[in-house]
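In what follows, a structure is listed as structure tokens, so that the remarks can point back to it.
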Amino acid sequence: ENAKQLQTQKDELTKKLEETDVRNKELEEQLADLEQRLESSQVDQENLRKNLKTLLEILDGKIFELTELRDNLAKLIEDS
Amino acid sequence: ENAKQLQTQKDELTKKLEETDVRNKELEEQLADLEQRLESSQVDQENLRKNLKTLLEILDGKIFELTELRDNLAKLIEDS
Amino acid sequence: ENAKQLQTQKDELTKKLEETDVRNKELEEQLADLEQRLESSQVDQENLRKNLKTLLEILDGKIFELTELRDNLAKLIEDS
Amino acid sequence: ENAKQLQTQKDELTKKLEETDVRNKELEEQLADLEQRLESSQVDQENLRKNLKTLLEILDGKIFELTELRDNLAKLIEDS
């Protein structure tokens, strides 16, 4: 009688463990997927950041050159 | 004899299930954390994108105004 | 005899004086014309100078605004 | 009697002619001076015009380069 009951409980536990293992595997897959997406997003962001820095340096150059042009115009007005 | 063996197996299964449940909970927490970080990263990226769009529009305005200035300078040279 | 000679000299002098007066009047007209052209040229130059000064001030404003834009871009990169 | 009168008129005419010649020379000098100033002013104006044209070309280049930078920024935003 007791043995039968124990067998039933053991079967239920085995089934539950299997389900939990399946869920576990799913979670690990989701986690790996998310980690990859986060990493990919960080790589993209780092690339954007690098490209923006390059643009910033070019913009600095353009502002410098416009300031030179401005100084030359001021000198022409001064001398005219 | 059989009942004792079953009891042992049942205990082992119970312990394993508990461990798996713990691991499961950990994975769910990691997943929730990562989801939050990814979402936060996407919000940041969206904000950056919006701010860059605003800068782009301002830059468009400045280029337009420099072009007007250029046209006025060309007219002054033409008329001088 | 002497009177005749004097009359001839007087006539020549009168003629020469008339010619010189005509030349004088021409020179005064040329002078007035040149003075007017020089003055007009100076007014033009002064106007050009004033208009160039206005352009210079506008250019100063544009460089200032581009520098603000540059600083905002630098801050966005810093914060990203 | 007549000869004396003629002599007096001749002397007056001679004096007047001398004065007019002096005035004539003065006017010619003023004219030469003004012509030189006008020419010098035109040379200055031509130089200013040439220098302004050079500035205009440089400004054209800067506007072109800012437009390239603007297009690159637009592309970065698009791709982000």
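In order of appearance the chains are A, B, C and D, and numbering begins at 1 in each one.
One rule holds for everything that comes next: contacts are C-beta pairs under 8 Å (C-beta built on N, C-alpha and C of every residue); 3 or more make two chains touch, one makes a residue touch a chain.
For clarity, every value in this text was computed on a predicted model and none was experimentally measured.
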{"item": "Repeat of interface A-C, chosen from B-D, A-B or C-D - more than half of residue-number contact pairs shared", "value": "B-D"}
{"item": "Pair sharing more residue contacts (C-beta pairs) when B-D is set against B-C", "value": "B-D"}
{"item": "Chain A-chain B separation of Cα centroids, rounded to whole Å", "value": "6"}
{"item": "Centroid distance [mean C-alpha coordinates] between chain C and chain B, Å", "value": "67"}
{"item": "Residues of chain D engaged with two or more neighbouring chains", "value": "45, 48, 52, 55, 59, 62, 66, 69, 73, 76, 80"}
{"item": "Chain A residues touching chain B - in the complex, by the definition given at the top", "value": "2-3, 6-7, 9-10, 13-14, 16-17, 20-21, 23-24, 27-28, 30-31, 34-35, 37-38, 41-42, 45, 48, 52"}
{"item": "Residue ranges of chain C in contact with chain B within the complex", "value": "44, 48, 51-52, 55, 58-59, 62, 65-66, 69, 72-73, 76, 80"}
{"item": "Touch list for chain C against partner chain A, complex", "value": "45, 48-49, 52-53, 55-56, 59-60, 62-63, 66-67, 69-70, 73-74, 76-77, 80"}
